[in-house]
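Take a look at these structures.
You will see chain A twice below: alongside chain B first, and alongside chain C after that.
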Partner chain A sequence: MAENQETPVRKKEKKFFLSNTITLFIVLIVMLVFFSLTSESFLSTYNLVSMLSNLSFYGIVAAVLTMVLISGEIDFSIGGNIGLTSIIAAILIESGVNGWLVILLCLLLGAAIGIFNGFLVTVIGVNSIIATVGTMSVWRGLAYTFSDGQSIMAMTPVIDFLGRGKVLNIPFPIILFIIIFAVCYVVMNHSKWGRKIYAIGVNPMASFLSGINVKQVKFLTFLFSGIAAALGGLILASLSGVGMPQHGEGLELTIISAILLGGTALGGGRGQILGTLVGVLIISVLYNGLTMLNVYYYYVQIAQGVVLVAVVATYEVRQKRLQE
Partner chain B sequence: MANLNVKTGEEKWYKKAIGIFTRSKTPIASLIILYIAMVVIFASFSPYYLTIGNFRSIFNNFAVLGILSAGITIVMIGGGFDLSIGSTMGLTGILCAVIMLKFSFIPVGIVMVIAVIIGCFLGLINGLIIAKIGINPIITTLGTLAIFRGIAFFWADLNVRIYSDFWDSIGRSFIGGIIPYTTVYILVIFIILALVLKFTKFGRNLYTIGGNEYLAKLAGIKVERIKIASYVISGLFCGLAAIVLTSQLGSGRPEYGSGKELEVLTVVVLGGVTVGGGKGNYLGTFIALIIIGSIANGLVLLDVPVFLRMVIKGGLLVLAISIDALRNRRRLQLY
Partner chain C sequence: MSKFKIISILGLAIIFAVGISFTGCQAEPEVITETVTETVTETVTETVTETVEVEEEAYAYYETLKVHAQDTDDPYPDNPAEGHTIAYTDIMGGIPFCNNVYGSVQKEWELAGGADSDLYYADNQYDATVGLQNADILLAKEPEVLIWFQFDSKVNSIVAQKYGDAGIPIIAVDVPVPGAPFMGVNNFKVAYMAGEEAIKRVEEQGGIDTIDKIILMQMPAGGEVVMLRSEGFYQAFVDEYGADVIDPMTIRADGGAGEAEQANAAMSDVLTSIPDAENFVLTSVNEQTMDGCISAVQTAGRWDPDKWIVITQGVDDVGKAQLREGLTDAGVGYFPERYGEYLIPAVSAYLNGELPPPFMYVENEIITPENIDEYYTE
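On to the complex of A and B.
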């Protein structure tokens, strides 16, 4: 019932979001046109498919992390989590463990990492930024310790399929990516749980008073982000064929940029899974296009920082105007 | 009625002196106990721990960390956050080294001034974006972290060795062969900043803003200006830290200082500066600095593998922040 009664503010906000998504789509199309005009190989099927399978592993993490951000928390430890999972997967494969079991164990590892983060944030009550910046370095350090700084081969049929397999000529990671995005979309827009996440992001106190178990919901979002990052790590290990302690280094910046680009607010309460999808697409087109144009990596890094700050600045300015 | 804690103005002089450094309550007593326990543990495991040479290197090695944490303490007391310190320091350092390499006619003193100006300028960029546009400080400094680091890599192909004896001596010389000059710098910086926090309007306003920004605004404090100033101060100390770092390492490299923000955060949080702002003082930060410096040194003496040190550093940050959270916990934490 409450969903049908749209207050003027909510309507305005919806309109705001819609115009944002349209703007982002226009940006995306302009970028696509620009890169296909300047680089001849950008529009080749090979490049587009490889770009899509490369973006899928962090797109999955971005989709789930959007939930964490909407609930008003943040998880910086995803990059370290990806590195650790890829190493553990490689070590397990090397010691001859069955591929399915490797996947299961790695997802469990991701869940354990998520539980640890969630425990710190919800039970102990630590600020999630500092907590996950700390755990980020713990997971990364463990990845280096277990692998002794080396990269380890990760080749076994099941794992190979995860990153490089094809179903109906579509790469499997892209399919996984679409499925997970769809699930996140349905959860956030058409389920009670998704509504709870939005409510908590807007006002945790009011949500608690109206009977939402705030801690439980936040805990679960951290758990899911841990599992998603582990899945991302598995796909990355499969795509590259090795488990590497450096896997996913600096990825948290990319992923969080993509999410914020999509219109999710850092304080929580505002954001859309579809926005994240567009954000992920824009970031990876930017990366891929700049690489195709032979731009040095550090220019890409600068571009990424500028995009992040500029985009959030425009949101902030527009949001201020909306409130006035 | 008997135990009303009224200030009578007849406090002992030493209490007043300590009061300057303990403007807001931090867990100093427990930090000191932690430090003593650590010294005992390390001393019992390694015969080299309790030597003058070792303490000399402990104090000289945390110089960069100390200068950086001096700046970020100001920012965090004001409720801000600065993740870009490592990059700011790296960029300033390589710029100084490049200037000395390409324009060797410029006197070293002027290069130092340039370093401080560059640091202040980078801090000003952060401050303007955060205070004027109103973006979350974490996002802003995460973005500028990438930008500054990317700019520093412009000079990645240069071999910027520093050939200045004076520059080299800044971070590597000792008074009487024992006390490092860098420790003197840190003490001077910390004392000046503690006095600033205690006795100036800026200091008081900073605590007020950290405590409640909205009320501070209502009370007529120029919040924006003070916030920008705090980031400029943080940038200034990044510039100073860059001087000491390039002096100690004898060169400028674009990757210097990456990941430093993690260590600095650990120091500051362990020292009792809260993430939301409004709390923290320099005595706490200083003791935490000694503790973190000693741990880094102890890990080397105990021959802990390099990669495991990363785990321990991250774990320490998590531990410090957990203790902080448990101490400042609301009585009934419901959500």
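On to the complex of A and C.
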């Protein structure tokens, strides 16, 4: 009973996050209305479905990475992980390995990458920015080494289905995207483990003193982040039909932008999976809509930056007011 | 030992196992070279055979419009693009070569009667993932023809499949798309021309014995056809001096996806590996990568124009500046500002129920500091 009772401060915080998410939804809806009025094809089924399919692979990574950020850490190696996984998948497929086994091995590789990052951060004690920026280069470098810098065809029925298959006429990556977001939402909002992540993000020392195994929780978030990025790499290899060492290059910034846009604090302890979902959608809709309008990419970049800064600044102003 | 320490060690073991096994799978460099050479020969043979088979009459509509576009700046007869929509993707917006190509497409599209708003544009940003996203966005706009300019040839098969399903023809620019007509340079021919120009300069300098290394800054990500852009250069040297002389002195480096930064890093690595070499012949796939290479040489303190024979590909605005500043000795001109004179007639052919030829190669010239003003006024 006591666990469910909410203090006035907690209630205020919840209201704050809710209103942030509502603000984001309003931004998203305004964008949707604007683009549907200015571009005939924007609201077409093909456009919306393909947009969701194309964002699914990084949306999945964003959902899981949100947990890492809320715990007060960060994982910059996701882009390198995506590139490496896509290359390993392509090499395995080229060598005639069964598609299911390719998926299993790539997810294991993702897990190993996550474990390595978690080991550096929680066991050795390396700052997660330094550790994962370092491993990002390692994974990317390995991808270039294994592929000799070339893209490799990655087409086999099981892998094809992962990125381009359909279930009840819904593209499979969208289904995966929805499932993973739903799982992350439940974990973060309705499980003890989720509450532990928030608690660690707010105050790791207090969490430790209250009996939470801080290192273990953080370690697991890195593990899941590695697996999610590997899944993202597999989906991307399937969507493009090739494994490429360049896959996922620069994607870490897009994903982290989407998470920050969704209201997650870089310092940890604050954030919502639902916010990340809307953040991912906003970034994708903005790119899609502006490209539909023949807007040059430089202006798209400016627009994405302005939206990110404006929304995050709004959060900070409101957070200050809340604290006052 | 705690549970997650054990898991950590297992994880590390997996990473090392994967690393060791894949490193073990690496092919020997000699094998790669052989494969490339074989592919070069096959592709050239195929290209020549197919070109010979083409009957010019079959493409009379295209040829008429092309000649018109090349000869005058007057509007095309009968406004073939009027009321139609097409899509164009840029390999990387902002690069001089790409700006010239798109500017030319816009100009010719207008001359063909097309409205500016009916020419859809997207920037592929040298990123295959962005390219795929753009392919979908443009497909949703249902253009009648797609002009596709994207750096990775293998990704193009997915794009070809999507547009094939929608019944929208594609014209590939510089990098092939399965089943689509190709417009751009004959990569082997331009590379061979560059090789011959370099040989001329090697001879003027005293012969091949005066050269320590021949560096080919390549772009494997562009696929086999783009590889011809440097392999043709190598072939010209082999034809002149023999493989036994040229092979030991040739260095092939991966210059990335065609941008300066990656080429710069690759060139730095190459220079580090040959500390004693002094006299070089250098070529690369485009002038952005050449920019990166030259800056790496300068940074390494090994730049001496008398000891470097540098031949570029493209001669875009960057290439022109390199020639005028004496950084490069010659470049094979692709005339990107004239690509539209081939592309829009080809597009017009599709829009009017005709077919463009399967290969549309631009005519190339060797541009040097001495003759550049004949082609481009400063």
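Convention: the second predicted complex is superposed on the first by the 322 of 324 C-alpha atoms of A that agree within 3 Å, B and C clash if a C-alpha of one lies under 4 Å from a C-alpha of the other, contacts with A are read in each partner's own complex, and residues count from 1 in each chain.
We adopt the following convention: a residue touches a chain if its C-beta (ideal position, glycine included) is under 8 Å from a C-beta of that chain, and two chains touch if they have at least 3 such contacts.
Because the structure is a prediction, the values reported are computed rather than measured.
Peer 1: Of the two partner chains, chain B (first) and chain C (second), which one does A:145 touch, if any: first, second, both, or neither?
Peer 2: Touch status of A:145: both partners.
Peer 1: Thinking of the overlay built on chain A, is A:107 touched by chain B (first), by chain C (second), by both, or by neither?
Peer 2: Once the two structures are laid over each other on A, A:107 reaches no partner at all.
Peer 1: In the overlaid three-chain picture, which partner chain does A:78 touch, first (chain B) or second (chain C), both, or neither?
Peer 2: Neither: A:78 stays clear of chain B and chain C.
Peer 1: Once the structures are superposed on A, label A:125 by its partner contacts, choosing first (chain B), second (chain C), both or neither.
Peer 2: Only chain B; A:125 stays clear of chain C.
Peer 1: Can A:137 be said to touch chain B (first), chain C (second), both, or neither?
Peer 2: Only chain B is touched by A:137; chain C is not.
Peer 1: If we overlay the two complexes on their shared chain A, which of chain B and chain C does A:292 touch? Say first, second, both or neither.
Peer 2: After superposing on A, A:292 lies in contact with chain C but is clear of chain B.
Peer 1: So in the superposed three-chain picture, is A:52 touching just chain B, just chain C, both, or none of them (first/second/both/neither)?
Peer 2: Neither: A:52 stays clear of chain B and chain C.
Peer 1: Thinking of the overlay built on chain A, is A:159 touched by chain B (first), by chain C (second), by both, or by neither?
Peer 2: A:159 contacts neither chain B nor chain C.
Peer 1: With both complexes overlaid on chain A, does A:214 touch chain B (first), chain C (second), both or neither?
Peer 2: After superposing on A, A:214 lies in contact with chain B but is clear of chain C.
Peer 1: Where on chain A do chain B and chain C both make contact?
Peer 2: 142, 144-145, 148-149, 215, 296-298
Peer 1: Which residues of chain A touch chain B in the complex?
Peer 2: Against chain B, chain A makes touches at 74, 120, 124-127, 129-131, 133-142, 144-145, 148-149, 200, 204-205, 207-208, 214-215, 253, 256-257, 260, 266-267, 296-302, 304-306, 308-309, 312-313, 316-317, 320.
Peer 1: Taking the touch rule as given, give the residues of chain A at its contact with chain C in the complex, in rising order.
Peer 2: On the chain A side, the touching residues are 41-42, 44, 46-47, 50-51, 53-54, 88, 91, 108-109, 111-116, 118-119, 122-123, 142, 144-146, 148-153, 215-216, 219, 223, 236, 239-242, 244, 246-251, 287-288, 291-292, 294, 296-298.
Peer 1: Name, in rising order, each residue of chain C that touches chain A in their complex.
Peer 2: On the chain C side, the touching residues are 3-5, 7-8, 10-12, 14-15, 18-19, 22-23, 25-27, 32, 93-94, 117, 120-123, 125, 127-129, 132-134, 136-137, 139-142, 152, 154-155, 157-158, 220-221, 223, 254, 256-257.
Peer 1: Given the complex with chain A, which residues does chain B contribute to the contact?
Peer 2: Checking each residue of chain B against chain A gives 81, 129, 133-136, 138-140, 142-147, 149-151, 153-154, 156, 259, 262, 265-266, 269, 275-276, 305, 307-318, 321-322, 324-326, 329-330, 333-335.
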